[in-house]
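Chain lettering (A, B, C, D, E, F, G and H) follows the sequence in which the chains are written, and residue indices restart at 1 in each chain.
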Amino acid sequence: MNEEYIKKILKEVKEGTISEDEGFRLLKELPYKDMGFANIDNHRQIRTGFPEVVYCEGKTPEQIRDIFYELARHGSVMGTRADERDYEAVSRVLPDAVYHREARIIEYGARTVRNSLVAVVSAGTADIPVAQEAAVTAEILGSRVDRIFDVGVAGLHRLLDKIDRITPADVVIVAAGMEGALASVVGGLVSAPVIAVPTSVGYGSNFQGLSALLSMLNSCANGVAVVNIDNGFGAGYMASVITKKSL
Amino acid sequence: MNEEYIKKILKEVKEGTISEDEGFRLLKELPYKDMGFANIDNHRQIRTGFPEVVYCEGKTPEQIRDIFYELARHGSVMGTRADERDYEAVSRVLPDAVYHREARIIEYGARTVRNSLVAVVSAGTADIPVAQEAAVTAEILGSRVDRIFDVGVAGLHRLLDKIDRITPADVVIVAAGMEGALASVVGGLVSAPVIAVPTSVGYGSNFQGLSALLSMLNSCANGVAVVNIDNGFGAGYMASVITKKSL
Amino acid sequence: MNEEYIKKILKEVKEGTISEDEGFRLLKELPYKDMGFANIDNHRQIRTGFPEVVYCEGKTPEQIRDIFYELARHGSVMGTRADERDYEAVSRVLPDAVYHREARIIEYGARTVRNSLVAVVSAGTADIPVAQEAAVTAEILGSRVDRIFDVGVAGLHRLLDKIDRITPADVVIVAAGMEGALASVVGGLVSAPVIAVPTSVGYGSNFQGLSALLSMLNSCANGVAVVNIDNGFGAGYMASVITKKSL
Amino acid sequence: MNEEYIKKILKEVKEGTISEDEGFRLLKELPYKDMGFANIDNHRQIRTGFPEVVYCEGKTPEQIRDIFYELARHGSVMGTRADERDYEAVSRVLPDAVYHREARIIEYGARTVRNSLVAVVSAGTADIPVAQEAAVTAEILGSRVDRIFDVGVAGLHRLLDKIDRITPADVVIVAAGMEGALASVVGGLVSAPVIAVPTSVGYGSNFQGLSALLSMLNSCANGVAVVNIDNGFGAGYMASVITKKSL
Amino acid sequence: MNEEYIKKILKEVKEGTISEDEGFRLLKELPYKDMGFANIDNHRQIRTGFPEVVYCEGKTPEQIRDIFYELARHGSVMGTRADERDYEAVSRVLPDAVYHREARIIEYGARTVRNSLVAVVSAGTADIPVAQEAAVTAEILGSRVDRIFDVGVAGLHRLLDKIDRITPADVVIVAAGMEGALASVVGGLVSAPVIAVPTSVGYGSNFQGLSALLSMLNSCANGVAVVNIDNGFGAGYMASVITKKSL
Amino acid sequence: MNEEYIKKILKEVKEGTISEDEGFRLLKELPYKDMGFANIDNHRQIRTGFPEVVYCEGKTPEQIRDIFYELARHGSVMGTRADERDYEAVSRVLPDAVYHREARIIEYGARTVRNSLVAVVSAGTADIPVAQEAAVTAEILGSRVDRIFDVGVAGLHRLLDKIDRITPADVVIVAAGMEGALASVVGGLVSAPVIAVPTSVGYGSNFQGLSALLSMLNSCANGVAVVNIDNGFGAGYMASVITKKSL
Amino acid sequence: MNEEYIKKILKEVKEGTISEDEGFRLLKELPYKDMGFANIDNHRQIRTGFPEVVYCEGKTPEQIRDIFYELARHGSVMGTRADERDYEAVSRVLPDAVYHREARIIEYGARTVRNSLVAVVSAGTADIPVAQEAAVTAEILGSRVDRIFDVGVAGLHRLLDKIDRITPADVVIVAAGMEGALASVVGGLVSAPVIAVPTSVGYGSNFQGLSALLSMLNSCANGVAVVNIDNGFGAGYMASVITKKSL
Amino acid sequence: MNEEYIKKILKEVKEGTISEDEGFRLLKELPYKDMGFANIDNHRQIRTGFPEVVYCEGKTPEQIRDIFYELARHGSVMGTRADERDYEAVSRVLPDAVYHREARIIEYGARTVRNSLVAVVSAGTADIPVAQEAAVTAEILGSRVDRIFDVGVAGLHRLLDKIDRITPADVVIVAAGMEGALASVVGGLVSAPVIAVPTSVGYGSNFQGLSALLSMLNSCANGVAVVNIDNGFGAGYMASVITKKSL
């Protein structure tokens, strides 16, 4: 999958520019070199031009600090599900790092600004943290983001009043808990692809987000695809991957 | 719970009009007499003025025929989940019986017409049988019914165009499968009580109606209560019980 | 859905009372004006005459205080799932606010008293908080409430002894956990509509209220509809919507 | 676990009545001798005095015929979940075999009549096959059975009217589908042990008997234990084991 | 269901010993008088001769103390799921109350000793609290109990070695978590009824006791019935109800 | 949301070109006119330029024929989940209609060809019908499609050998049943957005596609979003919506 | 992962024995050459020396016939989940093919006989098809198999009587439905690795094998691992892979 | 199952070397003597040559200390799910005990070193504790272990780069959470048996490990068997049992 590189090595071996052993080493390490870092998402990131992503939950502030420091040498980095103490640890070694509190994201390095627009729509105030995780992720990955929060379907007039801000978007992200109906309603109103992110907001028979998840998977509107419960990052990332294609 | 009757018996015993033994028998059988029939729903039906209801699924046409014939001697009767063959058997002994094919309901006897209005709203064409079961049930139990079918949320404009027919209703029934979002959207638009009936319409992760059921139970709109999956009869009955109160 | 208003604007535009631009702005903002507030339930509330409702869980005492203060300028307000600290914050700016401890409801403003009667029936002592949430909600929304607590089906005589207090109600709310059988038994004894609210009371295979929820959805009694697990507010609200119709 | 027998063998070996090898063989085969038959329930059956039980579902009529013929040489036999064709095959080799159609049980051989009374109570007409399986099983295993069918909780008066026939029973079996509330209500009215058998009767969110199963496991009445969904045989067997103890 | 009492009242009314009004009051209050106490289990307890049972979880030590004090005036009392602090509160007003720590049961009053034997068998050391709840319950309700703990099927020899202590029991209780196989194995070895109580012991795909629950409901051994997960009290109570019958 | 049109009507009313009543009717019917057809997806389709879509499952061949005939007057039509008999009925009135057998899709009318490339990757031969539904849908909606079938992760070399055909795609659709691992592996190899469609292929604990669904929702690769089980059409449609953006 | 081969190519390129282009092609196709066939299991099969495996369910007899014919040119083939008609189709082109009816396996070609012994133990007669699938698979893949059927734990003596045939096995396969307790009991008695295969045998709360699956995953015995429900082939294959290691 | 021993006792009884009573006692206690200890895994451990295993979760440090001290007199001991405080208690009486922190295992006594190689492969950093539990278990039970961590399928190149370390293993253990795809991918690359251990790593619809569990049970690769969620010990033990066979 890197034909020119392989051919170049073969050529150099033939011409004696590099030894057979060196040629072998280069060919054998090729997949590893392509990756560069230990992080499993690395190879893809490099190709996509996106910054490195660190999932902070379950790691100590010290571990997160060290990973950020290492990755920051190669470019931009972002950390998701990070709390205040994680950020403090990182900011001690990377004073320019920024903490997006509601989104729980640590950001470091320059953003690639692109021309795409992502609308992030959320149903209730309790869905805002997930919506913000999606919004900040999309911004860091280069999109402009318009946030349209608190427009759940129980008060349809509000959503309809904001529809003019949603329709121009290249991708629409809908974050909703409870019955998750907002994804279907928005899906029926726009022509852009809709990324639905169910949230665990609710109680009782919402079963930690299962009701919204099933609702969104069974959406009667076309052009809707779903990511994991509370996975705001995943929605923002998917939106960025889609809009990157559209440049 | 029938104080006058008990007091009357006591009085007659005291006055010797009836014997002690007769008094005891009357008092002991009282709950049974209140019921009158063997059918478990009977006692309630009599008090409510609603006709007898026979659940036909799992009974033979002959059994259904005999039950109808017996009950018809006391007043109106309706049978739910009845197929063509059930109707044929019934119509042989009760030629005036009517079969509502889509609703799968057999009806016999005069209707009590009342002044209430029930709006039956459904999402897709596949939800129509359940919606019709609800609509015909409400009609037989005395309500006027307005059917607003095929107004799922993926094409919101159609629902909004029909909203003037839904808002005047005393009770609104919403039948929807897939993600069942229609219940929340309608619930947010009307001030009448909404009875949501999830249908098993859909496939894959709808899990035979579970997605719509959970969606409706978690509705972000207030004034929404839910009956069992595909239970059109239950929704129509509940609507009638509610509107009966409002006369 | 507001024909007179639209016609009036058209007339004014024609007569030159307002400019074309002003007419456009008024027509475009119409749905928004209808809502008035940011809260999604607002539009419906205004039409129904019910006070504003604030779901307090997941909001800080400060946020709740501010929302109450804002909404109180327009009329009555109630807050559900509120704890002691939420109430303290609210009462500092609205000293007349009342806290219903067992129901976890903060109430502010005058009640509209109506003539309807709601019976709130509960199975065990552990179901009382949910039952109280339903009862206080119904009271705030204007109904008289009769509380019949601790009459679970394992001691049927107690329920039968209280039946004379349940039958006169316009709507019956049944709150029960464990196997939730009370809904079916009450449903078979009364002719009023029954709103069943499953509670998460129990352990083991009750799976946080699932057993009572499924039990109530599958009730063999007619005239029973169900709200979400532990959703006392939803039951009280539904009861009020139903009884409002009956005025 | 058969000390006398082991000691007797040891004694015979010591006295030379039997050889060492013979003694070894007897000791080694002991568990097998205790069983006698190939059927896994056999050993227990022999000790309990109950007839052999054959689960017919999934076996061909020919297999069932052969198993019956073999077992019939040792005493009574019963076959559960048997259809008409199974019975025809058996009756060809055992003309005295009896078929209980509703219970789907084939019976062969003399019954041990005992003095215990089992009440079999069922909720709806659709629960009758499971109830009959329980009733016939209990009869074959030696109990007198009183059948009280169609007394579901939605029409409580009927159940209360029959309570005098239920209270004298040594064990009460309750078969109910849908919400299975009958088990709790009966459990609260009687002092005998209650065996609850959930049935798969119902539709939608009853999930093939899950609603009744969970309901019965979470019964608020004490003295209730549960067998598998539709397991009428298991309930009848358990009742017989309990009443056998009470002789 | 209390014919003599009803006849006596009628006679007294006829003879003028009591007035018509008094007769009416007595007849009307009859079900209530039968109960005597507010506690829903009360009526049954009185008939069964068992002491009152208080479920302590979710009640404050003060509430538990007051309930115990009230009930203690009428006879014996037991409290389940009680912690140390509950006991301290009770012992302050009832110094003779006893606390069974492992079983988490508070006991007060004299036991009725009966001649029955209950074997309580448990699989692992972690199942012991549930097993002890069952054992102490059975003892308080009058049975002798033999505890055979830590005999899970992974080391079958230990169970077989103890089988001589299990077979003489009138009822066998089996408490097991994880895969719950012990119920089937014991069920196949004894002729007494087996009450299986699944425990939530385990992790991962045991899903808080679901694996043991399903296992026990599907037991291939006959004569096994099941109570709720971790419901040691329920198992002990059921065993006592069964053995009471056998006296 | 159609400012020019509203302003034009207002202008005409002011200028007297149309009457006030006519202006009111036009404004009121506006949402309906925007839709044009009764079909709920219609409004969106028109805006997107996609043909009409008919879901054939649950409709009779005659209904499908009539719907096709009606819609065909306005442009292209496609029908999903159609069987041979549906196609025969349609082809009688629309002889140019084409039937894609494996995909179960009926197609009628001209395609809009666009420049985007969709790669449809499937795991096993049994996943091919779902993959074909996705592929044909994408083709009808204007994309070029490259089909890479039977490259499940158990034989990773085959997938790697085909990776050069997958990486150039604008969108990648992955259809897989069983454990659905292919979505994660492909997601890690490409930079395009991945639409994962779980199939119900498998048995036992795959629970009709649940295993693949959960697997794909929890994908460790970024840039993956999921549609309903077996929803090949949904995947193809989503891919087309995404690629349409990229033109 | 084939260093010598890569070095050899590099050497030949350097020496001019092969051209640069030829060298590139060889290096690029390397993974493909390693696989040889299109079938995804192929690569592994070749390395393991096992025959090709065809999953017949969902394929037509003609497809199965053609696949067998193609694969038979390279060595032995086996087909699982094959019915009579599949076999007839295959036997027409491969007359030496053998059909194992109970196991539903078609076998063609010579077996590699190895010295390992696999014991296949099953609980009830209904589990035998799954057990036979496991047994025949293990035989075809080269093991000797001892079948110990119908030794469920409800009649423990039978299992203990056969234990001498189970303990010498290199691997033990346990197939059981219902509560699946046999896996734990056998796991506790032998020192060989146990492969547990849950079967869907049972009804009601066994939920198509879920009870046995959870039971086996939670086995209290060590040295037990589990394959999918009814996956006899998977168990037989795993046993063969394990015993292959032990040669 | 210990024929020589039984024969020897019989011989001694015959010859009078031991009395009949003594012979009886020896025969009766035989299964118990075989076990030696109270711990249920004991009998098996002795036969397998593996050390005793103590499951520490839910036991107090004091209990663990005492059990270790007791068992240490007979040989090696290991404790799983042990925390720091458990280790401190043990080390006070057994100063040579070692604590494996990440694996949460306490080890005491000499290891039996065997020649087998186990590869422990894990997907993400969060899976490492489970992977370490498996790895340390396998080491204590005598295998050499190669740890290949953080090679999840989203970055396939890393796994392929390490494949040369995985293929030589006698058994491969794969620990993965989220979608658990690594088990299938590794299963397709190696010829050794694969033990898959799903971890509870993830969030939302991973449902505490259910997604990985179902994924692994439905693996499309052959030669994969599964243990319980997070059961690293079970995987390490199974691997050791398998490799023990291969010596």
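Definition applied: a contact is a pair of C-beta atoms (placed from the backbone, for glycine too) under 8 Å apart; a residue touches a chain by one contact, two chains touch by 3 or more.
Small disclaimer: the values here were computed from a predicted structure and weren't measured.
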item: Selected pair, out of F-H, A-F or D-G, that shares over half of its residue contact pairs with E-G; value: F-H
item: Pair exhibiting more inter-chain C-beta contacts, E-H or C-F; value: E-H
item: Rounded Å distance between chain B and chain D, as computed from the means of their C-alpha atoms; value: 39
item: Separation of mean Cα positions, chain H and chain G [Å, integer]; value: 24
item: Residues of chain H whose C-beta touches two or more other chains; value: 40-41, 43-44, 124, 152, 154-155, 160, 188-189, 204-206, 210, 213, 217-218, 220-222, 228-229
item: Footprint of chain E on chain D - complex, ascending; value: 1, 40-41, 43-44, 47-48, 53, 163-164, 167, 170-171, 188-189, 191-193, 195, 213, 217-218, 220-228, 234, 237-238, 241-246
item: Of all residues in chain E, those that touch chain C in their complex; value: 29, 31-32, 34-35, 38-44, 57-59, 198, 200, 208-210, 213, 228-231
item: Parts of chain F lying in touch with chain C, wherever the complex brings them together; value: 3, 6-7, 10-11, 13-14, 16, 20, 23-24, 27-28
item: Chain D - residues contacting chain B, complex; value: 124-126, 150-152, 154-155, 157-158, 160-161, 201, 203-206
item: Chain C-facing residues of chain D, complex; value: 123-124, 152-156, 178-181, 183-185, 187-189, 202, 204-207, 210-212, 214-222
